[in-house]
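Two complexes come next, and they have one chain in common, chain A, joined by chain B in the first and chain C in the second.
What follows is the complex of A and B.
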């Protein structure tokens, strides 16, 4: 996580329905020049199973200045939904990093028809 | 369960082009290679080679031979006492005398005394017998050119070991399923025990099923195929049972007999104490026989035939199910059909791959006790709009299936499972 890279979502919430657009602004303030920065829309799994990661879309921005901002826009696919179970959780995120630099940051988003994470065991949450 | 990782997830991850080093794969491959080489050697030396030579020897002409000496030889080793057939005989081809010690093509020593004693009794010293000689090399001859059940049992055991090493090695070295490789898009590739439900109508992309634009229509419904038909379950367990019990019987049968013989004192008692754990393997063998018999009886059960409006269903849509029991349905006292959702996680623990399954929902669709309704019927149910769709990635999966459970009194129950696919819905649902 880095203060030198930030992702600002346009929407007031981080919950989105499948097919909706995720847009916002990314900004950077780097100590050294980087060739470009890359923003990725990804989902990944957490839990008992070995981690799976899928890069759904990525946008690479050439940068010449040490600091600046750029708008971005991704259209979400139909799934998979963000969900949480006892063995598996699936999470979505926007990840921003500068090539040739260890700087990285991410912003978690939720993708589901109700714009909330689906709970496979609703009783677990209320307990 | 919902921890967010503070580090970059996709950077340098499996989703990026594979960079997994050969080192990561070499160690497990070498480990499994030991199984493969050991199993392959056992299979070749004790089964394939003797079988090939027996087939050759069946073309050899016969000739009279004289048994010069015949006895059971004893060999002392670290594993205890072993025995072999020690027969010496001579025969004449075109007036020239040849001598041989080969009784059969199944070489080696083993702990069983009785089979060797039986061969010696069949060929006593001083008698005239029939042997078979190689017409291309008359110095080569054999007394017995029959196949032995032990050959195939031990060979099968070796083959099992070979497969235990060989197929995982193939997967490790060449499979796309390893750590560091791209997530495959084909359903069932990583979970081969799962039937490819809806394979003709969906394609898998980035973990989700997507209806093909050229999908064949399912107007007349789809007859579902069981995940593991009863005959397949029985065959797999029966083969494993056979191999297990053969290995135990031939490997340790004599030791078990000795467990119950002789006095329970002194060195004998010590032997019995150290040998007693073998009984656990025998108990497992008996348990496997029991399971095989159970599955054999289950094969005679009525077979459920399920037809759905489609094996690819959409949230908010209708599930139209018809069922029929083929066979003697009147034996079934109670029938249940459930829609089951479960999460399946696969992970590595040491060199093993472990699969953990948890059921997150079971929706009863059919619950019948009336004989006519058990034999066949139809039911409709609405798929909830907000439901987790089918999902599959390399190590994690959401599976939906229809489970059929039929109770039969004093008989193994019907337990069949049919995989279905639930698509993600498009768009959002505006509700809190």
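What follows is the complex of A and C.
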């Protein structure tokens, strides 16, 4: 994580429903010039075993200044939903990179119809 | 307990530093240079080959090389070939190709990879066998390595788990990756406030 790159969401919450728009402002303040910066909307799994990652959308911004800001907007797909069980969690995030630089930062978001992470329970206990 | 809160989750395991026994990074850097950046990291399953390769690749990137890592999937021959071809199109004379599990490549593909790598700065692989490239480092696992990993993962409650390490290492035949997966389950059971099962 870096304090030289930041992602500021427009919404007051980080919970979103599928199909909604995620918008905000990204900003950078780099010690050395970078060709461009890239913002990705991704989901990934975490827990036991290997990780799955999928990049849903990506926006590349050419930058000439060492510092600045840009607005961004992504429309969320129908799924998958954010969830957690004992062995696997599915997490959504916005990831910001400066190409040619080690700087990176991430902002976690939650995507589900109830705008909260879904918890998985055995069928006989979820009724 | 949610998977994303388990201290043995994959994200934390991937971020672990490689733990040397009687060796260090300057010595490894010297050996790699002496081998002209064409070398193999050897060891049995779960002894830290991939961890070492990932950390080495980060260090090489910091030194200015473009590094691409390919993970060989034993049952996906076409995908492996596609990744190798893609890497060779992208990489140039100052770049390094890393292949995790290179002994899983079919022999003709490996020969093509090795031959094609002459135009790159380097080719570093992990393997279970010695026949691919000169040995850069031989990974071994023992209780002290696992103990240090546990201190990274559980700085405040390492004692609860460290007592189990000799028995678990024996059961998993030195495969630290599998030991950590079993510890994932044990930690989840010990901290089970609800009953998620997936």
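Operating definition for what follows: the second predicted complex is superposed on the first by the 121 of 127 C-alpha atoms of A that agree within 3 Å, B and C clash if a C-alpha of one lies under 4 Å from a C-alpha of the other, contacts with A are read in each partner's own complex, and residues count from 1 in each chain.
The rule is simple: a residue touches a chain if its C-beta (ideal position, glycine included) is under 8 Å from a C-beta of that chain, and two chains touch if they have at least 3 such contacts.
In this text, all values refer to a predicted model and were calculated from it rather than measured experimentally.
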See if chain A has more residues touched by chain B or by chain C, and give me that chain.
B
Have a look at where A:32 lands relative to chain B and chain C in the superposition and call it first, second, both or neither.
neither
Quick one: classify A:114 as touching chain B (first), chain C (second), both or neither.
first
Quick one: classify A:97 as touching chain B (first), chain C (second), both or neither.
first
Which holds for A:106: it touches chain B only (first), chain C only (second), both, or neither?
first
Intersection of the chain A residues that touch chain B with those that touch chain C:
46-51, 84-89, 91, 117, 120-121
Applying the document's contact rule, which stretches of chain B touch chain A when the two form their complex?
1-11, 13-16, 179, 183, 206-208, 210, 341, 343-348, 356-358, 360-361, 385-386, 388-389, 391, 393-396, 398, 423-429, 431-432
Tell me, which parts of chain A touch chain B in their complex?
1, 17-20, 40, 42-56, 77-81, 83-91, 93, 95, 97, 104, 106, 108, 113-115, 117-118, 120-121
Would you pull the chain A residues touching chain C in the complex into a rising list?
46-51, 84-89, 91, 102, 117, 119-122, 125
Mind pulling up the chain C residues that touch chain A in the complex?
1-4, 6, 8-11, 14, 61-62, 181, 184-185, 188, 192, 194-198
